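Labels A, B, C, D, E and F are assigned to the chains in the order they are written; within every chain, residues are numbered from 1.
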Amino acid sequence: MKFSILVNEGPYTHEASDTAYQFAKAVLAKGHEIFRIFFYHDGVNNATRLTTPPQDDRNIVSRWSKLAQENNLDLVVCVAAAQRRGIVDEGEMKRNGKDATNLAPGFRISGLGQLIEAGIQSDRLVVFGD
Amino acid sequence: MKFSILVNEGPYTHEASDTAYQFAKAVLAKGHEIFRIFFYHDGVNNATRLTTPPQDDRNIVSRWSKLAQENNLDLVVCVAAAQRRGIVDEGEMKRNGKDATNLAPGFRISGLGQLIEAGIQSDRLVVFGD
Amino acid sequence: MLHIVNKSPYDRPALNSVLATAEGGTILLIEDGVFAAVKGGAEEAKVKAAMAKFKFYALQSDLEARGMADRVIDGVTVTDYAGFVDLVAEHKTCQSWL
Amino acid sequence: MLHIVNKSPYDRPALNSVLATAEGGTILLIEDGVFAAVKGGAEEAKVKAAMAKFKFYALQSDLEARGMADRVIDGVTVTDYAGFVDLVAEHKTCQSWL
Amino acid sequence: MTTKKFMMVNRKAPYGTIYAWEALEVVLIAAAFEQDVSLAFLDDGVYQLKKGHNTKAIETKAFEKTWGALEDYDITKLYVAQESLAERGLTADDLAVPVEVLSRAEIGKLMEEQDVILSF
Amino acid sequence: MTTKKFMMVNRKAPYGTIYAWEALEVVLIAAAFEQDVSLAFLDDGVYQLKKGHNTKAIETKAFEKTWGALEDYDITKLYVAQESLAERGLTADDLAVPVEVLSRAEIGKLMEEQDVILSF
């Protein structure tokens, strides 16, 4: 079965991001496909490579990057939500005249249409948020 | 009278950051002093210069920077909360082996002790959060 | 003490918690907390009863944003940010019931 | 439908909202929602009564984290993430009551 | 393109948090994808529809104009829970746009007919 | 250094959000500054003190050890609302550390004596 996941909260602040990650792992372990994981609202903050969590704590951002790399997942960050919150890739940096990027490996920035497409193309869309 | 302000939520997501800003302006307009504005929890996300809000919307980050500059305010971002969430200045970039910074002008990163000091030194400490 | 409440009384127990904890004092309703200052809802009776022990204020800009400035419960004082600052200054401590 | 509730019943109206809206179905309690699955509290009676119309599940890891795995209300099925995935797969739609 | 039934469930008050606003952005995109979109307003979500929002002093954008524009996007299915309105002392006359006021149970039945439910 | 009476008011459940954990970091710093620190637990905040937290599966750090360490920082004033415990089916025996169980009204009186109240 084809799943998509929507993550609406940032890392550490709300458990939603942890729950979504554990759920995604379980979906894959069950042999299902993940069509897309979409990050919206503060969920876009899962995609900054500038975090440095305490050494004895989980690294939520790199955990997502690794999961994406190992399973060829499509992690999409909403561009409008990312602009409001300062999540930037090369293209956004140039377009908006910024002087740095912070997008972590394995994520890409795109439009909200990618969320609707995920809803259309997937058998199930599960929302994690506050 | 000497005020300090604690901001616990990020920009746009929760009204707390707006309310804190309007309150700070009103404190200054009344002729009071602001000893410090401390950013904790997701409040540290007020301090990223990488945001690009829609053109017809307020720019929360640059609004803080401007207020600080014009009134010589001390805007302090908690270092532990900033590390969890990816808010980085030059020193943090070097210390944690990061490849970019995103701290906006007028903010500085420091320890939680600065919040306690604000509580000790100020006549009033007002908390804005979720 | 000045109690600052920023949560809707229909969504969170913040206001209930103040009323059940503090003997009296001043309650300032801000952000979504201003819904407690609005006439006609199920929470109105509770706020009116609490007026015996608490003085209620509500922030004008948050009432206006929500289209509620014209239906504030009698006895709730509408104030602006300057008044908010004065309330904080007048009370020895303030507590935000987050 | 699968209703996913991640809010404490003592802090938010999410569970009440499900019970007042859906005719029946399955309710999965996760995150702070698992407090609704715990014996002995003021919300227990409501959950027990709702069992006539709803099948209740609670996420084991969230119960364990909160020290509540040993006091789950009889009739609530404790499940892990694999079970969570199965529940989503078995129901045509799911709704997270945020 | 495949057309699915999308319902956006709004249970949060406006302005206190951004969820309501960003939910509306999803609604407009779903309409642009020519999906069968409906909106449900329950609990504090009904406050989003209150007429007369004046957000000048809090410096954020108000909803009212966008509600009015939904019809241009062929979004006409706005369902509002009667119980939630009544609990807050509101009636359909207090709302900025025409809506269908239904009981929670009726909205619950409509939820069962959806393919995708997005909640904010 | 000036000593002030700081009270940290905890009303949120642990793990669902980070507030409780980051509040604890403030408590430890306040103690390092030799302030007169007390903690109040109301509403869902009482869940923070429940004994037997096992966070291995959710991969976050548990509170229990830190509560035990508070005494080393001379933090001994932990006030827990009786009504909040009872509402959740808990008693003082369910808690990971010794606390003073007080009525809400008694905690309300202690709040009045504080210089600074931080809420999370």
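Following the convention adopted for this analysis, contacts are C-beta pairs under 8 Å (C-beta built on N, C-alpha and C of every residue); 3 or more make two chains touch, one makes a residue touch a chain.
Nothing here was measured: the structure is a model prediction, and the numbers come from that model.
Participant: Where the contacts of chain D and chain E overlap, which chains show up?
Facilitator: Looking at chain E and chain D together, the chains touching each of them are A, C.
Participant: Using each chain's Cα centroid, which is most distant from the centroid of chain F?
Facilitator: E
Participant: Taking each chain's centre as the mean of its Cα atoms, which chain lies farthest from chain B?
Facilitator: It is D whose centre lies farthest from that of chain B.
Participant: Which integer distance in Å separates the CA centroid of chain D from that of chain F?
Facilitator: 27
Participant: With centres defined as the mean C-alpha position, give me the chain B-chain E separation in Å.
Facilitator: Roughly 33 Å separates the two chain centres.
Participant: Go ahead and note the Å separation of the Cα centroids belonging to chain E and chain F.
Facilitator: Each chain's C-alpha centroid was found; their separation is 39 Å.
Participant: Touching two or more other chains, which residues of chain A qualify?
Facilitator: In chain A, residues 8, 12-13, 15, 22, 41, 80, 127, 129-130 touch at least two other chains, as defined above.
Participant: Could you list the positions in chain D whose residues touch two or more of the other chains?
Facilitator: Within chain D, residues 6, 10-11, 13, 31-32, 61-62, 93-96, 98 contact more than one other chain.
Participant: For chain F, give me the residues that contact two or more of the other chains.
Facilitator: If we look for residues of chain F contacting two or more partner chains, we find 12, 15-19, 43, 58, 60, 115-116, 119-120.
Participant: Quick one: which chain pairs are touching?
Facilitator: All touching pairs, sorted by chain label, are A-B, A-D, A-E, A-F, B-C, B-E, B-F, C-D, C-E, C-F, D-E, D-F.
Participant: Give the list of chain D residues in touch with chain C in this complex.
Facilitator: Contacts found on chain D: 10-13.
Participant: Enumerate the contact residues on chain A facing chain E in the complex.
Facilitator: 6, 8, 40-41, 80-81, 111-113, 115-117, 119-121, 125, 127, 129
Participant: Spell out the part of chain B that touches chain A in their complex, as residue ranges.
Facilitator: Residues 10-13, 41-42, 45, 48-54, 61, 80, 83-88, 92, 96, 98, 100-102.
Participant: For the complex, give me every residue of chain E touching chain D.
Facilitator: Those residues of chain E that touch chain D are 9, 11-12, 19, 42-43, 81, 83, 104-105, 107-109, 111-112, 114-117, 119-120.
Participant: Please give the residue numbers of chain C that touch chain E in the complex, ascending.
Facilitator: 6-8, 10-11, 31-32, 35, 38-42, 44, 60-62, 64-71
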